[in-house]
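Letters A, B and C mark the chains as written, and numbering starts fresh at 1 in each.
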Amino acid sequence: MIRDFSIVLENIDRLLVGLMNTVLLSATGLLLSLLIGVVFAAALMSHNRFVVRLTRVLVDTMRCIPFLLLAYLVYYALPSLGLNFNNWTSGLVAIVIYNAGYMAEILRGVWAQLPRESIDAGSAFGFYGRNLYLRIILPQVVLAAIPMIGNQSIQVIKDTAFLMIIAVPELTHAASSIQSKYYVPFAAFISAVALYWAMCSVIEAGVRRVERIAEVRR
Amino acid sequence: MTDAADAEGDGLPTLRVLGLTKTFGDNIVLDGVSLSVSKGKTVCVLGPSGSGKSTLLRCVNWLERPDQGAIFLGSTRVGFRNAGGGIPMSSRELARVRARMGMVFQHFNLWPHLTVLENIIEAPMHVLRRPREKAVHTAETLLKRVGLIEKRNDFPSRLSGGQKQRVGIARALAMEPEVLLFDEPTSALDPETVGEVIAVMRTLSAEGRTMLVVTHEMQFARETADEIVFIDRGRIVEKSAPQVFFARPQTERARQFLQRYSVR
Amino acid sequence: MTSADLISLLQGAGVTVALSLAGIVIGVPLGLGLAILLWRRIPLAQLIVKTYVSLIRATPLVTLGLLIYFALPAVGLQTGPVTAAILTLAINTTAFNCEIWRAGLTDFPKDQIESAQAFGMSWPHTFRRIMLPQVARTCLPALVNEMTLLLKGSPAIAVVGIVDVTRAAVRIGANTYEPLPPFLLATALYAAIVFVFVRAQRWLERSSRCDEV
């Protein structure tokens, strides 16, 4: 067993490259899905019933499909419609589509719970439209949503592991290639698990930090 | 620091409310209410709970939309492009009118994600587009006046109710409004902190601010108001000078009201 | 897409449902057991359970599946694909269910427990007749949500060699060079299964309501 781990250690660079790819994919996907989620959340809170209904259908559909199936759809099925993405980009697109729906739900839920008072004050002082949204509503929504967004990021990191099936060189793929080359399954995958656990701990610590900052600003 | 002059300085009262009517479902909350506030005067609106006082104030800056009636800030009709009504104002025009009125809320309604100082400079900077240094200078002067300069970097969650309300008043003053609207400013406060807020309001009135105050504080109304408007069940029952209203109320309803909230 | 393809898709759906259900049937009660250990503050168990939950909640299903499938034989335990798949799903969902149950148990109002004890009820009795029915009702939405999440994560078992509905769809697409139809059908099948779960939850909620006074 010790020998197995030392083999893994010798190949640590491969694991770390996989780790980096996981982080890169997750971070980019998360950021993009958050941006789209903001737009969808605003649409869900709009006064226009058609917009609300359309967005709701989109958001609910996004949350229905298993992530891997979505990745396959983007990777294998879109080419027949003319859109040819490589496996990395397909993975990123799938992450963004899949999570935008969740982000929209999180933001909308927080927004609906926002006490009317600070929004009333904003209107009374002459804030309206985009100004009201960007300076009064959004900062409060984001602060309150951070813990849930943190949870969602953990989900994103775990979802990237599915992409090994379409040969994206993320962490699990790296562990798998080490294991198949050197026959060290336990050591290789335990190391991967340890790294996933480390990523989650970092996120959880970050969320706790932000929670403390948000606490006084409530 | 004075109010901006009546927009056109042509002798019009700063604020006029004409025939205001508002219903919520079957409930007639306001029924043909009319009043006016001249420049430099303090008008206090009194009445039992549920009489429609808060709704009146929220209609003035169009946070609620009245069903009938007109509201004029100077010669500008609130909510409509022309004095005769007809075409409603756009969001931008409405925002501009609102920025000319300062509102102090019963529950303070401070922005929790901003510090005290940031609360006060937020609207001047981002609605009136004032430069930061000017806004901060104004804010600090106001904070000194309400006695809270040392709290400038604190968040509202750390303040007491009375302190929050004083910040709320400073925030409204920072916009240099033509009229100040007070919506039961002390109703949510502990009795000990009511005094510090009343003291600030007294000073503002003495300075010659134009104020419309909805309140339960009888002593403040008696000593500070230029006119008392007594509303009951959506209608104005009495409108008179405080000496008249408190000493010799003309109507039975007013007498009953004063008996219950007897002035110390 | 031929009818043979359709059948293989439906077979895949059957595999998905069967294996997910197996995971759920193990995971829900086991999660409750672990949650009780945490809630009663059994000392050594606290450390073990907390570590387990923390690790598994951070581990992707794919990685866990590979670990179980490839690593267990290395320590002498021969595991076929089906066993590995069920183990993976069960181990994963137990951790999440443990968290759900634990939250439900700690949120349970203490005054009900106190009144039960004041009447001389034993712990097992109190738990079985007073706490569990109510906690189960409160936790139901979260538990069903976790079931649908498990279902949506079940394609991971393809890495241990199982042909579930996703893998069946991929195969058909690869053979027919028309991936879109089988994928869309697979999506519809997942949606249908999720729909059944949510419906079952509503039915359970309604039927348990009849017990309320």
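Here, a residue touches a chain if its C-beta (ideal position, glycine included) is under 8 Å from a C-beta of that chain, and two chains touch if they have at least 3 such contacts.
If you're wondering where the values come from, they're calculated on a predicted model, not measured in any experiment.
S.K.: Determine the chain that sits nearest the middle of the structure, using the mean of its CA atoms as its centre.
M.R.: Of the chains present, the most centrally placed is A.
S.K.: Counting only C-alpha atoms to place each centre, which chain is farthest from chain A?
M.R.: For chain A, the chain whose C-alpha mean is farthest off is B.
S.K.: By count of C-beta pairs in contact, what is the leading chain pair?
M.R.: If you count contacting C-beta pairs, the leading pair is A-C.
S.K.: Express in whole angstrom the distance between the two chain centres, defined as the mean CA positions of chain A and chain C.
M.R.: Each chain's C-alpha centroid was found; their separation is 22 Å.
S.K.: Round to the nearest whole Å and give the separation of the Cα centres of chain B and chain C.
M.R.: Chain B and chain C have C-alpha centres separated by 57 Å.
S.K.: So how far apart, in whole Å, are chain A and chain B when each is placed at the average of its C-alpha atoms?
M.R.: One centre to the other, that is 46 Å.
S.K.: Please name which positions on chain A make contact with chain C in the complex.
M.R.: Contacts found on chain A: 64-69, 72-73, 76-77, 80-81, 154, 157-162, 164-165, 171-172, 175-176, 179, 185-186, 189-190, 192-193, 196-197, 199-201.
S.K.: Could you list, by residue number, the parts of chain C that touch chain A in their complex?
M.R.: Per the touch definition, chain C meets chain A at residues 54-55, 57-64, 66-67, 70-71, 74-75, 151-156, 158-159, 166, 169-170, 173, 178-180, 183, 186-187, 190-191, 194.
S.K.: Chain B touches which residues of chain A in the complex?
M.R.: Touching chain B: residues 117-118, 120-129, 131, 135-136, 139-140, 143, 215-218 of chain A.
S.K.: Show me the residue ranges of chain B that touch chain A in the complex, using the header's touch definition.
M.R.: Listed in rising order, the residues of chain B that touch chain A are 61, 63, 91-92, 94-96, 98-99, 101, 103, 105, 107-114, 122-123, 126-128, 155, 157-158, 171, 175.
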